[in-house]
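Following are the structures in question.
Two complexes, one shared chain (subunit A), two partners (subunit B, subunit C).
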Partner chain A sequence: MRPYKPKDNVQKKSYYTDRFWVAPRIPEESVEDEVYKADLESLAKAVNYKKAYIMRGQLVIIIDAKDNVATLKHLKEECGYEVLSEMSAIDYLAQDGEFEIFYQLLAMSKRRRIRVKCRIKENEAIESVEPIFRSADWSEREMYDMFGIKVNNHPNLKRILMPEDWVGYPLRKTYPLHGDEAAQWYEVDKIFGKEYRDIIGPEQRDPAYVSTTDTCNFARIHHEVPRCADPNSEPEKIEVFNDDALLTETFDLKKAKIVDRNR
Partner chain B sequence: MQQRNRLEPYFENLAFERDDNTMVVNFGPQHPSAHGQLRLILEMEGEQIKKAHPDIGYLHRGMEKMGENMIYNEFLPTTDRMDYIAATANNYAFALAVERLLGIEDKVPRRAKVIRMMLLELNRIISHLFWLATHALDVGAMSVFLYCFREREYAMDLMEDYCGARLTHSAVRIGGVPLDLPPGWLDHLNVYLQKLPDQIKLYEGLLTENRIWRMRLEEVGVIPPEMAKQWACSGIMLRGSGIEYDIRKEEPYELYDEVDFDIPVSDRCDSYGRYLLYMEEMRQSIRILRQLIPMYKETEPELMAHAPEYISAPKEDIMTQNYSLMQHFVLVTQGMRPPVGEVYAPTESPKGELGFFIRSEGEPYAYRMKIRAPSFWHTGILQDLLPGHYLADVVTIIGSTNIVFGEIDR
Partner chain C sequence: MAQHPMNSVANAGLPVALTTVDKLVNWGRTNSLWVLTYGLACCAIEMMASGASRYDFDRFGVIFRASPRQADVMIVAGTLTKKHAEFIRRLYDQMAEPKWVISMGSCANTGGMFNTYATVQGVDRVIPVDIYLPGCAPRPETLQYAVMLLQKKLRKRTIFQKQKPKRLV
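On to the complex of A and B.
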C-alpha cells in the first residue's frame, strides 16, 4: 500500500514527531507599553479591531479584511506609522481555507513596529493599500504572484518574479517543491510546443538528470562500462590516445607519489 | 533599396522600437551596469525618459519556498546567496530572527557577539568598497575600481582567515559563531584598519572634487524624503534623503549600544550625497572595529549559546556525554522545533533594512519565511525616480541605489 500523503500540503514534513509532543507557544502579552496603548486607543476610534497583543516586542493588531485601508490610513496619518516595510501572506488553505495577510509597519519617530493582520477566504480579493503606501505596489504584486491573491484597485497587478504566462502560485502549500507539471515542461512548451514533450522526454529536458543506467556520462567517470552494458559490470579500461601529443603528459598512477598529508 | 542601420550590430543588447513619438528601449537583462539581471523597459522621448518599468525575476530561485522546506540550520548557507557581496549580513539577519523566535537572543555569549559585530562591520566595508568600485566604473572612473578592489581583497583575506570562505561565508550560526578568531587575526585586522583610512582619502581625492564625478552625480536621482518613506527606503537611500534612521542605533541589536559611532546623514537627496555617506560609513565601521578589539580581549572564551533543546552542546560534551550526543543527533537529523508564533527581526545590512519574518507552527520547518530585502524596494523606486532623467543618468541612478539581484529576486 502506498503511504498516505495529504494533497493540500505537499511541503516537507518532519519524519518523526513524538506522539505526546505539544509545541510550546510564544505568549501573547497584553499591551503595557505607553506608546502602543495610545496608538490602540486612537485606532479604536476609527475602526473596530478584533484583537491586539504584543509578540516578541512588537504590537500585533488583528483586523477585519475589509478594514485594511481604513486601519493603515489611520495608523499612517494619526499615529505616525509612515513606512510599510513589508507585507505578504501566509497560506492557511489546508487548515482554514484562508490566507492570512500581514502588513509590517514602522514609525520612525517613535521607533515602534506594528504588524497588522487580517484573513481572507481563498477566492476573496483584498483592497489595495497602494494609494497610502507606494511601496505596496511591488509587495502586492509579489503577493499576487506567489499566492494568487487578487488585489482590488491595484494600478498594475501583474506577476513580478515569475514569467507572466506561468501556471500556478509557487508559495502555496499545494505547490510541490520541484515544480508541478507545467513548471517542469515550461521551457519545452515555450520553445518547441507541447507536442514535443514526448519526443524530448524527461532526460533531455533536465540538464541535471542523471540516469543510473547511463554508461557514458560524467557520472561514471573512471567506471565506464561498454555502451548499454550492465552498469555494475567490470569497468572498461580506457586507453589514452593522445599520448604523443605536444606538451602534454599522460597521468600514470604507478609513477605518481601519494603523500600522507598536506604540508 | 534602403540601407541597413550600420550601428545595429554594436547595440545587440538594446532593442529599439518606435511607438508614436516615444521610443521603447530595452535595457538589460544582460547589461553590464545593471548590477545583475535587471531589465529596464524605458519609454523615451529623445534622450529623456518618460516611463520606466523595472522587470525583475531573472534570478528568482525560490528562497522563501526553500526556507519552508529546510530545517533552520540547513537554510543558513542558502542565505549567503542573497546579498552575495556581504554574505555575513544575511547569515546574521537570519540567525537573529531565529534566535528571537526561540527567545535565546540574550543567551548568545559575549565573545560570539563581538566576533559577529566584527564580521558584520568588515562585511560593511567590503560591501561599500565593492559599491564604490562598481559605481565609479559605471560612471567612468576606471582607476577607483582597481584601488577599491585591492583594499577589498585584503578584507576578504581577513574573512578567509576566519572562516575559510571569501564570498559565501556562513560564518554566523544560530546561537553564536562556530569558531574563535585564529591567532594573529586581530593583529592583521589592526594593520588593515591602520591602512584603510589613507586609502579612503585616496578615493576621495580621486572623486570628491572631481569635476566629471560631480557633474554626473550632483542633482541626479533626487529622492525627496516623502518619496523615500513612501517607498520604504532604508539604509543609505533613506539617510541620503535627510532622515536619520539607522537600525543599529534606533533598535540596537548585539552590542551596538555599547560602541560609539555616528550616523552620517545628508539632506542633498541626490546621488552625490549618497556617495558621501558611503565614504563616511566606512570610516564609522573602522571606528566600531577599533573599539571591538579591546572588547574582544575582555570576553570569556564561550562561543555558542547554552540552550540544549535548540542548540547542540559543545563538541567536548558531545564526545564525552551520552545525553549531549543524543540531543545533538536529534537536532541534526530532525532539527530544532521553535515555539508556535511569529517574529520579524530587522537588521541594518550594508544595503538597508534586511529583515526576516518567520512564522513557526512548532515544526522543524518554518511555516512561512518572508525575506524583507532592501534592494527590492530600491529597485521599485526606479519607476518613480527615472522619469525625467536622461538615459546616461540611468546608470548613475542604478549604481547609487546599490541594488544586488540575489536579494531582489531571492
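On to the complex of A and C.
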C-alpha cells in the first residue's frame, strides 16, 4: 500500500515550497534548418541583424529597433512570410529599462514561423509596420493602449480597449491590478462628478474575506432565512406565492406535482 | 327586456367584480413587466434561455424590449466594465418611471471574480438595484424567481405613490 498523504493541503504546500522556483530557460540552438538558413542569408543582404537562433524549432531573429520595417518588408516580399499573426510588447522596464517588441510571422507556403524581436527604451517610439501588414494596425494600437509605446506614422493611433480619457497603461508591471486612483474612481467621476466620491465611499471589497454564515445561507436558496442566521436554523415558510395577487390562483404545494426525476 | 327573470344578487352572478384601483393597476403592472435586454456577458445566455420556449418568460408577461423607453425593468446580465458604466447609467435614466433593476449574476452584483482595474465592482455603484440575483450564471428558474419576487414587491405599491429616489450602494 502507498503511504497516506493528506491531500487537502496540496496547493498550499506547493505554493510555499516552490514559491521561488524559476522556470528553466529553453535552450537556444544554432540554425540547422535549410529553409531558415536560406532566409537568414537572404535577410543578411538587406539588414544587419544582431542575433539569430532556433528556439523550440522556431527561428528567432533579434534586430535593432530602427530596422524593424526593413526587416519585415524583406521577410514578406523576398522570403514569403506573408502573415503577421501576432505582435505586441513585453515590459522589461524594471529589469532592463526597456520594452521588448516582438513580431510573429508565418509563411504558409513554407510551413515556417519566424519571431522578430527588438528592444526600445521607455520614451522611444517605434516605426509603424502597418503599411506592410494591415493586421498591425490594431495590434499597434493595443500596444499603445496597454504599454504606452508610441508608434510613428500610424494612421490612427489612439486607445483601442480602454476609454479615451483613461489614465495610465494597464499592462505595465508597475500598474496595480486593482487600478490606480483614477481607475478606481473612473465611473464615479465620469457619471456623478468627483464630489460624489465621498457619498459613495471606497469599494468595500476584500477578496480574501469569507463569511461562513453567508455561505450556509447561500446554499439554501429558495428556503428563506434571515440575514446572518444560524446555519442550523430552520428555514422560514416561503410566502412568495401566497400574497393576494389579483386573478391569480394561489399556489398550493399539496396539489402540485413534484418531479423528482428528469426523463 | 330579458326574457327570463334574472336575480343576479341571489345567484352571486352579478357581472361586476369589486376591487380597488390599486389592485387592478398592480395586476396590470406585475403581469406586463417589460424588460430592457441588457446582456453583457454569459448571463445573457441564461436570460435568453429563460425567454425561449422551454422556460417561456412570456407566461409572466415579461417581454424583452430593445429600447429603454418601452421597458419597466432592467436586467443587468453580465460583467459591467468601467468603459461601459457611462452607457448603463444613460440607458437607466432614459427608462420611464416607475422603473426597477435586477442585477443578475455575481459579476453584476459585486464584480465577481473580475476584481481588476477595468471592472465595476457591482452595478449598484452606478445605478440603484432592487433585486440581487446570485449565481454564476443563475439558472433561468432563478431569474424567474427574481421576477416573481419583484412582482411581489410591486403589489405593495399604491398607484399614486411616487417612486422614491433610490439610494446607491
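Keep this in mind: the second predicted complex is superposed on the first by the 179 of 263 C-alpha atoms of A that agree within 3 Å, B and C clash if a C-alpha of one lies under 4 Å from a C-alpha of the other, contacts with A are read in each partner's own complex, and residues count from 1 in each chain.
To be clear about the criterion, a contact is a pair of C-beta atoms (placed from the backbone, for glycine too) under 8 Å apart; a residue touches a chain by one contact, two chains touch by 3 or more.
On a predicted model such as this, the values are computed, not experimentally measured, just so you know.
Participant: With both complexes overlaid on chain A, does A:Ala23 touch subunit B (first), subunit C (second), both or neither?
Facilitator: Touch status of A:Ala23: first partner only.
Participant: Looking at the overlay, what does A:Asp91 touch: subunit B (first), subunit C (second), both, or neither?
Facilitator: first
Participant: First (subunit B), second (subunit C), both or neither: which does A:Leu177 touch?
Facilitator: Both: A:Leu177 reaches subunit B and subunit C.
Participant: Touching A:Pro3, do we find subunit B (first), subunit C (second), both, or neither?
Facilitator: Touch partners of A:Pro3: none, neither subunit B nor subunit C.
Participant: On the A-aligned overlay, A:Ala245 touches which partner chain: subunit B = first, subunit C = second, or both, or neither?
Facilitator: Touch partner of A:Ala245: subunit C, not subunit B.
Participant: What is the contact status of A:Gly201 with respect to subunit B (first) and subunit C (second): first, second, both, or neither?
Facilitator: Touch partner of A:Gly201: subunit C, not subunit B.
Participant: In the superposed model, which partner reaches more residues of subunit A, subunit B or subunit C?
Facilitator: Counting contacted residues of subunit A, the larger count belongs to B.
Participant: Going by the contact rule set out at the top, does A:Gly193 touch subunit B (first), subunit C (second), both, or neither?
Facilitator: A:Gly193: touches no partner chain.
Participant: Name the contact category of A:Pro163: first (subunit B only), second (subunit C only), both, or neither.
Facilitator: both
Participant: Shared contact residues on subunit A for subunit B and subunit C?
Facilitator: Common to the two interfaces on subunit A: residues 162-163, 170, 175, 177.
Participant: Enumerate the contact residues on subunit C facing subunit A in the complex.
Facilitator: Of all residues in subunit C, those touching subunit A are 19, 23-24, 26-27, 30, 82-83, 85-86, 89, 110-111, 115-118, 120-121, 125-126, 134, 142, 145, 148-149, 151-152, 155, 168-169.
Participant: Along subunit A, where are the residues that touch subunit B in the complex?
Facilitator: 11-16, 21, 23-26, 55-56, 58, 82-86, 88, 90-91, 102, 104, 108, 111, 113, 115, 133-135, 137-138, 146, 159-163, 170-171, 175, 177
Participant: Can you list the residues on subunit A that touch subunit C in the complex?
Facilitator: 162-163, 170, 175-180, 183-184, 186-188, 190-191, 199-201, 203, 205, 207, 218, 221-222, 240-241, 243-247
Participant: Which of the residues in subunit B come into contact with subunit A in the complex?
Facilitator: Going through subunit B, the ones touching subunit A are 56-57, 60, 62, 64-66, 68-70, 100-101, 103, 227, 229-232, 234, 243, 245, 250-251, 334-335, 337, 339-344, 346, 353, 355, 357, 359, 361-365, 367-368, 370, 372, 376-377, 380, 384, 409.
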